[in-house]
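Shared chain: subunit A. Partners: subunit B in the first complex, subunit C in the second.
Right, the complex of A and B next:
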């Protein structure tokens, strides 16, 4: 391909693309809150965070405070105008409006602000969890890690990082422990509602100096050293890697700001030694001081910086077609097709229809 | 052990904690490891009220730490320098002067090298984390060496983090 100058860059690409306006416009952010985050099923926490009768766990969805409460082993979720603690026991829910909720997919507590959801969680996730269901639903799981990050970037850029895999070139660890024929043959598999999962391969942990093979401990029905990923629309990621499981849950705070909650999980029946092994494996890659997570956060912070409102609008290419294998952008195309439908906009020119939609709604 | 020798060991321990802070501030891992016994074990921990659990965010023995620090140049990391403000609160010498424990407060600032807007952010200092060091020492011939350090953070929010020990 001949080198492209600035004029060439601004021409309509001959491949699939979206506009950088998807990432930086406040009106779009407001529409996402109203038409996406107020409608979808959200994995707000894990059941093991509220295992005793009376335990509660709070979060915020689409600017609304929400609390999940354990009532005799059953989970109930309420809108809660005022909540001053992330967790505790003995919260009165008198007078609070109850929301729909389910415990599903490895013990996640799901809720939705939609008062009349047309789909169950199973119907919403639409088979995206099938690839790891035997591993995460056979034994009871338990959360052992929690930390959060507030990053000055758009929430979709974080989800993109979990959806496209060519950013793996940024990770030295992935370059040495993966990047073999099996890695490049991994498939991105789209599911309805904008979800995608990524098939597995065998990670060669011992290729990173000082690391050892992790095959001795795994999850039920999961062969050793495998790595599956589930990317759930609009911004929830589930990552099963060797002997540790991780979830990322985003809370958009603005077009250029996102809260990401990171959790790590093992099996409730783990011995102390097994749990220690899982924690160490989790931290080595995904902990706040691990090899990869920090690199991902640097990456999306930089992307956010370059696409701030006021910067020249540019086209983000989604044109890689490689038989749905790991660096094919099928997952990105699939996500933004669903995103456009939720907002009633074309991701290639999202502001064109947005104003019409907002005026019509008003 | 006389009171005078106990006081002398306490002073040496205070000194080694402060020298460690300087070495870590300079990313001078070798000078830090030289102050550690071969059996040294390091961890960063925190308690999460969110999940009601004590958590380990990072851990390793001396050999693992040396290996991880050797690998750092191969990784993309935020090189904004960290500055540790450490105050030694308590030193307790035991076993007739053969071991000791110390508790120190630590506040770590990050001096921004780059940021969301480097023209604006670079040079600014931000609070990075707060917590306490819980240190254990082995003392041979009156000279203390780190046997363990637990960096117990109050933070559960860690934004763009660090590949470095704190």
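Right, the complex of A and C next:
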């Protein structure tokens, strides 16, 4: 499709769309913090990052400091007003308010600011992890890579890029190693609460110069060279590529700024040689200097520029229907349907109802 | 033709772009951008797809970016940046006291290829009837 000119931008689409205001309005951002990030289960870190008694790992959720602590092998999560370190050992939790927490789905530490959550993690994710459960829950995993990026873009644009596949043409690696009938036939599978799976296909890694087949070290019960993705509402991505596993956790910092934490995982039982192979496989695509990750970050930073606060409002099309295959925007529509319900707004015109909602709440 | 006042300096703070008119004939539309090191006067639309730069232009430092498709230019050197494929046309501009003066001999315009219009029938002119989707 040719790019839109100004006349096109201003027309009302006759297919599904959302307003760019969803990405750049400060009131919407505040509502997201209050009604989404303060309510949902958040995968704040991995159990292997706090494996010894007394180890702790901290983060921020909805502008609140949160710390997960290993107490004799059990994980407890607390609100922690004064913490200033990402990790360590020996933190006193006396007097801190404990939050609900669970260790679930491959050893992720989940917590929620909701003091009375109506759903367990299992109920919240409602089947979205089933496709990779045998691979990530059979053996203990551990984090071998962590880095973070602060990007001038809206957090949803990062989740979008992990959920939609127009951008796959941006990746040279994907074009040479993946584009075949099987690639385009993959399905987007929606689950309740806004979650989406991307079903698997066989990646031909050896088609890219310098890369090798990944079949030999596949995760447990994963057929050779398969690639699954779990896109969890509102901004958590779990990505299993043959012999390496990655998670992205977003922390929105403003309408046009997001912190993304990237983790790479291997199996705890890996030999040194196996671990080196996984690390190489992970970093070659997903490391800060890998083949794909920086291309995605450049892409969403550009989107952030196009939609930053003050830019002309335009409509973002979500109208491709292709039997739920990989370029069908069913996943995007599903996500924004859930998003709209959380905020009580219509993503096509989110500001229309937002003011009413805020006034009603006050 | 000669130098003509288009506006006062105070109307265009640094880091902004504004559409003004040169009072010549029926009026000539001009966009004036105030970048870190001065002012640039250009036609008021992006040479890519005719986006009004007053709405879609973003000035940061010395750079002008059309936020629709990320065509950008260095306003000091007029070098093409990011996705830009065509140069900006420029008018001479100077500061005269509190005023901005532009030298206009003719209206500068870009040529746009109408054949590149997208498939409007398929995607646009809807009737806002999608409330049930969300």
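To be clear about the criterion, the second predicted complex is superposed on the first by the 355 of 362 C-alpha atoms of A that agree within 3 Å, B and C clash if a C-alpha of one lies under 4 Å from a C-alpha of the other, contacts with A are read in each partner's own complex, and residues count from 1 in each chain.
The rule is simple: a contact is a pair of C-beta atoms (placed from the backbone, for glycine too) under 8 Å apart; a residue touches a chain by one contact, two chains touch by 3 or more.
Model, not experiment: these values are computed from the prediction.
Of the two partner chains placed by the overlay, only subunit B lies in contact with A:210; subunit C stays clear of it. Looking at the shared chain after the overlay, A:305 reaches both subunit B and subunit C. With both structures placed on the common chain, the touch criterion links A:86 to subunit B but leaves subunit C unconnected.
By the document's definition of touching, of the two partners only subunit C reaches A:348; subunit B does not. In the superposition on chain A, contact of A:221 is made with neither subunit B nor subunit C. In the superposed model, A:295 makes contact with subunit B only, not with subunit C. Comparing the two interfaces of subunit A, the one with subunit B and the one with subunit C have residues 305 in common. By the touch criterion stated above, subunit A contacts subunit C in their complex at residues 1-6, 8-9, 11-17, 302, 305-308, 310-312, 314, 317, 319, 333, 336-337, 340, 346-348. Across the complex, subunit A meets subunit B through its residues 46, 48-49, 57, 85-87, 143-152, 170, 172-173, 208-210, 263, 279-280, 283, 287-291, 293-295, 297-299, 301, 304-305. Across the complex, subunit B meets subunit A through its residues 44, 46, 48-53, 55-59, 64, 67-68, 70-71, 74-78, 116-117, 156-165. On subunit C, the positions that touch subunit A within their shared complex are 45, 48-52, 55-56, 58, 65, 67-70, 112, 116-120, 122-128, 130-131, 133-134.
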